[in-house]
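Same chain, two partners: chain A is paired with chain B first, then with chain C.
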Partner chain A sequence: MEMQVTDPLLSVDSLTIDIGGANVVDDVSFSVAPGKVMALVGESGCGKSLTSYAMLGLLPPAARRTAGRILLQGEDLAAMTERQFRKARGKDISIIFQEPTASLDPLTTVGAQIVEAYRAHHGASRAQAYEQARQMLVDVGIADPDRRLHQYPFELSGGMCQRIMISIALICGPRVLVADEPTTALDVTIQAQILDLMKKLVADRGTAIVLITHDMGVVADIADDVAVMYAGRIAEIAPVHALFQAPKHPYTALLLASVPKLEDAPKADLATIEGTVPTPNEFGVGCRFADRCPLVTDKCRREQPPLFDCGGGHRSACWHIDRMVEICEVAA
Partner chain B sequence: MSDTNNVLEIRDVTVHFGGRGGLLGKAGPVVKAVNGVNLDIGRGETVALVGESGCGKSTLSNTIVGLQPPNSGSVRIGGEEVVGADRRKLNDIRRKVQMIFQDPALSLDPRSTIGATIAEPLIVRRIAKGKALTERVAMLLQQVGLRPEHADRYPHQFSGGQRQRVVIARALALEPDLVICDEPVSALDVSVRAQVLNLLVALQKRMGVSYLFVSHDLGVVRHICDRVVVMYLGRFVEMADRDTFFSSPKHPYTRALMSAVPEADPMIQRSKERIILHGELPSPANMPSGCPFHTRCPLATEICSEVRPELTPRPDGALVACHHA
Partner chain C sequence: MVRYAAERLIQAIIAIFGVLTIVFVVMHLSGDPTLLLVPQDASAEMIAQLRQQLGFDRPIWVQYLDYLRGLAHFDFGISVVQRVPAADIVASRVPYTVMLASGALLVAIGMGIPAGIVMATRRGGWLERLLTAIVVTGQSVPTFLSGIVLIFVFGVTLRWLPTSGSGDFVSLIMPSIALGALSMSTFARMTRISIIDELGKDYVRAGRARGLSLSAVVFRHVLRNAAIPVITIAALEIGNLLAGAVIVETVFAWPGIGQLAIQSIQSRDFLVVQVIVLLISFVYVMTSVLADLVYAIVDPRIRMAR
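The block that comes next holds the complex of A and B.
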């Protein structure tokens, strides 16, 4: 039934992460094919960042993977030792973070940082590695690479630092790039440049991207598929057009309705989601969105909804998919 | 000249930093943060100030509330001059203008209950005390959608959206004429942004307060504003009412900004015309000659690097500073 043409490069299978007895990531599954962008969307505390750290073997000490696999071309990353992971990280799978200036070493030139990443995986001479780094800077659209390589992070703007981070992440040609809010700290005109760069990398190199974001605009721009996460679970997963056109989960529908639209009257009331995201110790046995959901019934509080297949790769974890029309009325 | 309906009147305000004998008596570079701007805000009006980091919008906000004296120009709030006012006068004027910042966690004292936080301006101004004060705080909490019994809680016991409500309640305690909202929803989760925006609109309808809404999010700006001002390197480059601004943006920077803001709709977003600006924002310490935007402008010609265009009116009422728009 699945419409996949290419085999997935990376698949996360029933990933569950525990912090202090609560499943802060609960049974999360998705996959991404080469040259595709999979977006994980959600608000703070939804588990999207933990999921991405797990993919890199970078979970904080308090977090423990209690179930699930992370398969990169058939190999289970989650079962790797730290030693094995060090070999994979950077070469097979890389990550870029939200705050580029905080992720770069302030005391080392950016050139040396890119070279270090390259030489960690290749037995190249320093000169060869510099040549690689120079080419990489050209690829990420930095003019005057020779001068930039010898500069320190503080001498560069935020957008430039993010290009450097992307260079470090991609210098060894990983097949998967995890991008954790890569443009959130940047101005919009610079955000547009970086998103275009990411699209180009996907097209030219066939890199698969797992994009973590809270910005529906960024998702609409770049994603092929979207997983909407809420309180540690996937609420809905779908190809991008299907998700925006006909959301099948009340949370997604309300989230989309709460973003001001082009056709809205000025100062009109926006749809809101009452209440706030539950903390892990407030997770009930049923649907975690139940307390904020306009469609809630007793069944929602009693029983956790599985991800129902709606066809066309669209799945939603809601007992009341047939009542989505009512949400559209609430939202309007 | 002075219109009593305006809560704010800014004339030719210029703010420069540095330049005077820095380290070892050497003159440092002059950072030209704000350069000769004019702006009026009417009663009950919301004006958006749009621009990217480093464009001078925060400096201008600080100048309006009297935190940053300008090098020249005039700032009048409710007809009273802020520039050069003595402490007592400034104190009086400040009652009429309040600020709301981006991150509510940083603008609340973690060791004060939110009741004490909201009461503080009322105590300082000797407006209320005792039972009247408690009632006033309870009323303010209700106005922003919180409950009176929340007064005894501390900021950490609230979510981000609730904390921003507390900040709004404090800003409204003195019934100001003008509230400067500096990116008030950028730090909030998407699902609570709409709640806070709805609250700001409702309070304006009820109290007639004016907002200067500083933001880079054009979707939010389009939703909440009556008029829009675009700032680039310390100058206003375009100023127009909401409908004119969004239906026919004129300055090439405005157009680039609009095309860069991603719409939350893949059909619209992927079919829209994209203007990708090349290069970075120049430093305000090393201002380009002529038009400040010419180094990144797709329309730039020779004249742009030589002559700085002034804001000039267009047939539909918009003010635009561009030789070619």
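The block that comes next holds the complex of A and C.
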């Protein structure tokens, strides 16, 4: 039996980003197909946000892409000049951010900012662009769009501002949407609404989403595939069900075990992972998770594990995939 | 918006009333103001006569009410030295100071703000270093020195510009630069800091993410957001320029109110000094009200508050 494979829309290939001599993103590769959601998961500082900025060519000045390609339908964004990349931003690939309110200019009406995004890529008149913006607000579920267009960000709630950001991101119909912790700053009920909206957009438009998050609940809710990042590297990458059912990397297993469950005893200690994430100047030659790993051996410290293929699109960067049973005992 | 403006105006009226009172108190603080007004060699009878004539022998609160009544009618008293209304003496000098302050403000804003923008957006280049050198010079060289150096170089040595006087536009150039240099540096530094601060904000990255160039984001969004602290500075600087005019007008023999203030202090013409102090205070208060109103125009959060 042959599985149906859709060509990936976006492939990140061996992306490496350097800050001050350390590879804070190291050889990261993943891809996402149209209408699918790829989640990048990890703790703060694991390089997931830098990866997302690199996809839009918006790395902070201190960070430098030293290797890798970002292929959007076969075209390498990373090889583009700033001028070419600018034309792709917002039109071919868009991004929404963690802080929707801070991501809008406080002195400009939200309508003007949506219009600005449309007119950056279309030679439309102001009136035509406003009509597009109005339609976009309807699509993201904003009631009373005519009034909202003329309001300022401070007059809107965080959830409303995120809908505006989504409108800005999608008004030029990009094929890929990068969502950098899009619900982290929002109330739980609003989170669910925004996630539902994103699911709907993926379904309707066939947009591919790269979702950056640290929230396993969000991943379970919306993602098709997951890449777990640790200290700048991909630890494990798999279809979402495979990853949740049978993690093949100790870090993933411990991360999943640390999510509190309803059936846990009240006031039971929360499961944690011993130790702390290494800072970039502490990165050794071996596996970056070695110091915190219950399965650690000398080999882990000496040699960096490659991403082993476990079948079914499941890959893990661990020398001891065969000993994962032991972890499940530790975690339980 | 109307309520906001009304509140600011009421605050301004209170501030001006405070200034009037402080000026009155200072005038009477050192005891009998008659002694301030008479020549040093005046006889005791002369002093007594003048004291009675000016009403300084009355109770202090009567004098205070009388002073306020006078001000309400724009009566600022008669100059003891020149025997004409003090207000008329000051009024004849005001146009010169307005000219000088406008010239200096033009130098300060016209050079300071663009310099600040360039310093913030072209960081690390030779242009930034050059501008930084100019700004540091502008803020560290005292006005009396820069005035004299300007006169020496462009007036005496090169003979490009007149060394003093108020004949025409050309004679305004050097005093404007001397007076505006410090403000120019202040504007440049504030603009630079303010823009750098804004450039680090999320909306800048978000603006670029929707396909705008960095310069488009700067011109459409950053400059307006960065303007608010600069407006505050502008209001303060207009007051500072009037105060700084005292030195520059003396150096360049410019017949404005600064020079008049020095002359009046030297000739003990205190009613004229009082008018100048009141005038400068009034300008200070009104420019800060103006700044508050400009905030409201720039920032919808202030305009639409409450």
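A few notes on this one:
Rule of thumb we're sticking to: the second predicted complex is superposed on the first by the 326 of 332 C-alpha atoms of A that agree within 3 Å, B and C clash if a C-alpha of one lies under 4 Å from a C-alpha of the other, contacts with A are read in each partner's own complex, and residues count from 1 in each chain.
Just so we're on the same page, a residue touches a chain if its C-beta (ideal position, glycine included) is under 8 Å from a C-beta of that chain, and two chains touch if they have at least 3 such contacts.
No experiment lies behind these values; they were computed from the predicted model shown.
Taken together in the superposed arrangement on chain A, chain B and chain C fit without clashing.
By the touch criterion defined above, A:S14 reaches neither chain B nor chain C. In the overlay built on the shared chain, the residue A:D221 is in contact with chain B alone; chain C does not reach it.
In the superposed model, more residues of chain A are touched by B than by the other of chain B and chain C. Look at A:D196: by the touch rule set out above, it reaches chain B but stays clear of chain C. Contacts of A:S103 after superposition: chain C is touched, whereas chain B is not reached.
Once the two complexes are overlaid on the shared chain, A:Q135 sits clear of chain B and of chain C alike. Look at A:Q73: by the touch rule set out above, it reaches neither chain B nor chain C.
The three-chain arrangement built by superposing both structures on chain A places chain B and chain C 70° apart around the Cα centre of chain A, to the nearest 10. Taken over all C-alpha pairs, chain B and chain C come no nearer than 7 Å in the superposed arrangement.
Once the two complexes are overlaid on chain A, none of the chain A residues touched by chain B in the first is touched by chain C in the second. Listed in rising order, the residues of chain B touching chain A in the complex are 52-53, 159-162, 189-195, 197-198, 201, 216, 219-220, 222-226, 242, 256-257, 259-270, 274, 276-277, 280-281.
The part of chain C that touches chain A in the complex is made up of residues 201-203, 205-213, 220-221, 224-225, 298-301, 304. Put simply, chain A touches chain B in their complex at residues 43-44, 157-160, 187-193, 195-196, 214-221, 223, 240-241, 244, 254-256, 258-262, 264, 266-273, 276-277.
Across the interface of their complex, chain C is touched by residues 53, 56, 58, 86-91, 94-95, 97, 99, 102-108, 116-117, 120-121, 152, 154-155, 165, 168-169, 172 of chain A.
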